[in-house]
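Here the chain labels run A, B, C and D in written order, and each chain numbers its own residues starting at 1.
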């Protein structure tokens, strides 16, 4: 192992690993740079700031792009399989984060492409890996995964409701009260059912207002459904780092992770096939 | 069994059954056609599209109607009891889905009747039967059924609140601030209590704003009630509250979920197979 | 027992009792009349209907008042202790339901007093007594009672938040953006924190919008608190028609209603003081 | 112990302690004064009242300041370690509550500083200490503490969502529909995702309305997440997840809530006192 390989290996640990002090520091610094770069993009969109600091912001923007380009090259350099990294999800995101910055050097109007940079915020999830937060995120994700089917049933019902109510309101209120088409009615139904209630389109006829009241109470009540689903599922997930192995005697379904005997009936969960006593 | 009967039987399995590959494919295709037909109805309601593509949309509309007519005739043909199908819930919905399309051929103004087509979306629930989603939908439905009475008590309380608050606001704010009648006040109360908050009618007097704040906090807090009801019920349904295992000594049939000993006679519910003392 | 007393007793059972067929029918009819009378009051508040049907509505109104007067006299007549009824809660409500109707005969402007009639809707809770709904209402009420202190802590926190945020927004936005006083700011804070969001007062300055976003996310998140409180309490209430008697051996706190032995350790919950074996 | 020391000690008990009758009365009176003083500040911000009662309100304001000055001096006097009190959190808040009142005597425009007084409302939490409410507040706080990490994950996800959606809407809708910058877009995204929905900025383009509908449904659904987190955690805290009872055979220290037998060695955790076999 020559010193070059050793240096590459060390770099790889710093850049790709998150379980060493240096690796953690690198990821935290990177997150900070991403956030700063996002902050500049956001600030730049304010008309007055864009006018007054156009050169300064462009310079900073260029600086961030340079940093990300260097980072990308280093990642390619120290990765044991550069191509696999380049075509991995994070590799593509890293590339996408650079491209609009480079394009913006040639085309001043590439402003809209800068928005792609926001995808880099996804990296925040990778950085969170450093923290004990990952376990908590996993809890939430497995609760969501466990309730996926129930949530699809719920969303299907909600979709049906907004289409039906949207179409009904289009017929009842009509174009003269802002319900110019069924899609507009569906938009109104979503605004109302989710209790957002912009007030840009509101029912004007008595019948429309009665139907609206119905939609609102429906929306107000069925919010209980996803909440109930997720809560019940999360309680399940949190209760258990459990094993799912029904007790052969009393059929208790879930047991502590390290259980040898059923905590309800005291029988062995995994009876020995051949008694070696 | 002649070949005709066999063919009818096979057709029946494809159209009515959902547990064969062909049956599943048929139902999925049908769902796709229903969604497309709904999409056309929705798109057609947009003024500019309706004006520009009036002939094309009419042709597509006619095509979908034809498909549904053929499907309806096939269902009648291969059903072992055609009349029972024709007067079943789905049979009537299938018929209703055809009628406005045929009427629209003669009366151009039958536009409003097209809305009836939306009932066909109910078929989505039948198609969901194919999936393991049904079990999940059943969980949700039994949780809703179990909490039916509580939800009625809740809705009765909410109804009383909106009537009382609506009438109070009519008296306090009066017609000059948009509260032109008690029904309008009730409409406002529903908009506010459900936290939709359009802003088309808002309190202008200090007293009205104080009362509004009260209504909002009430609405914000009591959303906890349906959520709590449904969550508790769903957790119950998912856990299965009691175990049905008769006590071997006193034959008490139902026990607490985690019971190890009979709460009536104190004997072990699940005697140890091998004494490990 | 002369026939007059018997007749009075029978009348009392019909009017005051709800566990006989006649009593139930009476209460249901009464509820229907109350609802109809409320419906007339509500309808009467609509300007156009009031103008066109002024005489008809007044006559119906008078009829309802007559029915309630007769009912009130009958209640006094058949009550074993008329004075106790007259000064009971329901007795006073029954009286209050009559007075504005009588006053309206002399003063046409007694319109506002009609609103008092709405208190009669409280009778709906008495009528609900007939149904198994009472048990469910009791579940909800004991869950609310059990979480009373937590809810007060929550409401105190919310009140503090709306005062602090309201005052801050008054300072930040000022009268020129609609925040004309601290009470107005508090009203805005309630509208925003409860996610109602009328839009009649909205932040215009960047700092105000940042603070608003904070208020919204706070409001959006802390809705979880009353929901969590109520759900946990309701789950408790529903799980138990339980007895709270800690097992003397294993200290398990709650047991089935009829339990003699602890379902966890099998020991007697109530050891005999003197062994009579 | 001379009478002076005794008097100081008695004063200290009244002012700092909350477990004597006199101490409780003092704290309740103080809370009342703080609330009155806040009420005056709030009322004073109303233009018309400020104009008409400027002298009266200034006098009352001055009176409250005097009361708080005296209270502060007494606290310093009777505290065993005056400096430690002066630099404690409550000591600084007490001082801050006085300063703007004194400043307002010299500078009439010190109006904005009066807002600092609101921090005194924090004292309400100290006063709540008197009540059994503290235990309930503790339940809520430990549930919040237990779910801190999950809530941070949730807030990070929400922040990412509002930035992404805000930027997308800025690109889609543009300045001509009120989305003048990305920060404005983020403000809109917060207003929409939290279901507040002011309606001061609303999507006007079809694509913007489709994206809005997506944001609304997202916001409507993920409210389930903080609710689920908090509810599951609160249920945990209220139940007390594990029992601390060492197994008499293998000394395993913690067991599942309802365990009757040790899951490691299968022996009964709570041996029966009297064998009823």
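Following the convention adopted for this analysis, a residue touches a chain if its C-beta (ideal position, glycine included) is under 8 Å from a C-beta of that chain, and two chains touch if they have at least 3 such contacts.
Please read all numbers here as calculations on a predicted model, not as lab measurements.
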item: Target subunit D, source subunit B, minimum contact steps; value: 1
item: Winner on C-beta contact pairs when A-C is weighed against A-B; value: A-B
item: Intercentroid distance (Cα basis), subunit B paired with subunit A, Å; value: 28
item: Geometric centre distance via CA averages, subunit C-subunit A, whole Å; value: 41
item: Per-residue multi-chain contacts in subunit A, two or more chains; value: 183, 186, 195-199, 219, 223, 227, 229, 231, 235, 262, 264-268
item: Contacting residues of subunit A [partner subunit B, same complex]; value: 149-150, 152-154, 156, 160, 163-164, 167-168, 170-171, 175, 180-183, 186, 192, 195-199, 202, 206, 209-210, 212-213, 216-217, 219-221, 223-225, 227-229, 231-232, 235-236, 249-250, 252, 262, 264-268, 271
item: Subunit C partner contacts - residues on subunit A that touch it in the complex; value: 195-199, 227, 231
item: Subunit C - residues contacting subunit B, complex; value: 38, 41-43, 45-47, 112, 115, 118, 121-122, 124, 128, 132-133, 135-137, 139-140, 143, 151, 155, 158, 183-184, 186-187, 190-191, 193-200, 219, 223, 226-227, 229-231, 233-235, 238-239, 255-256, 258-268
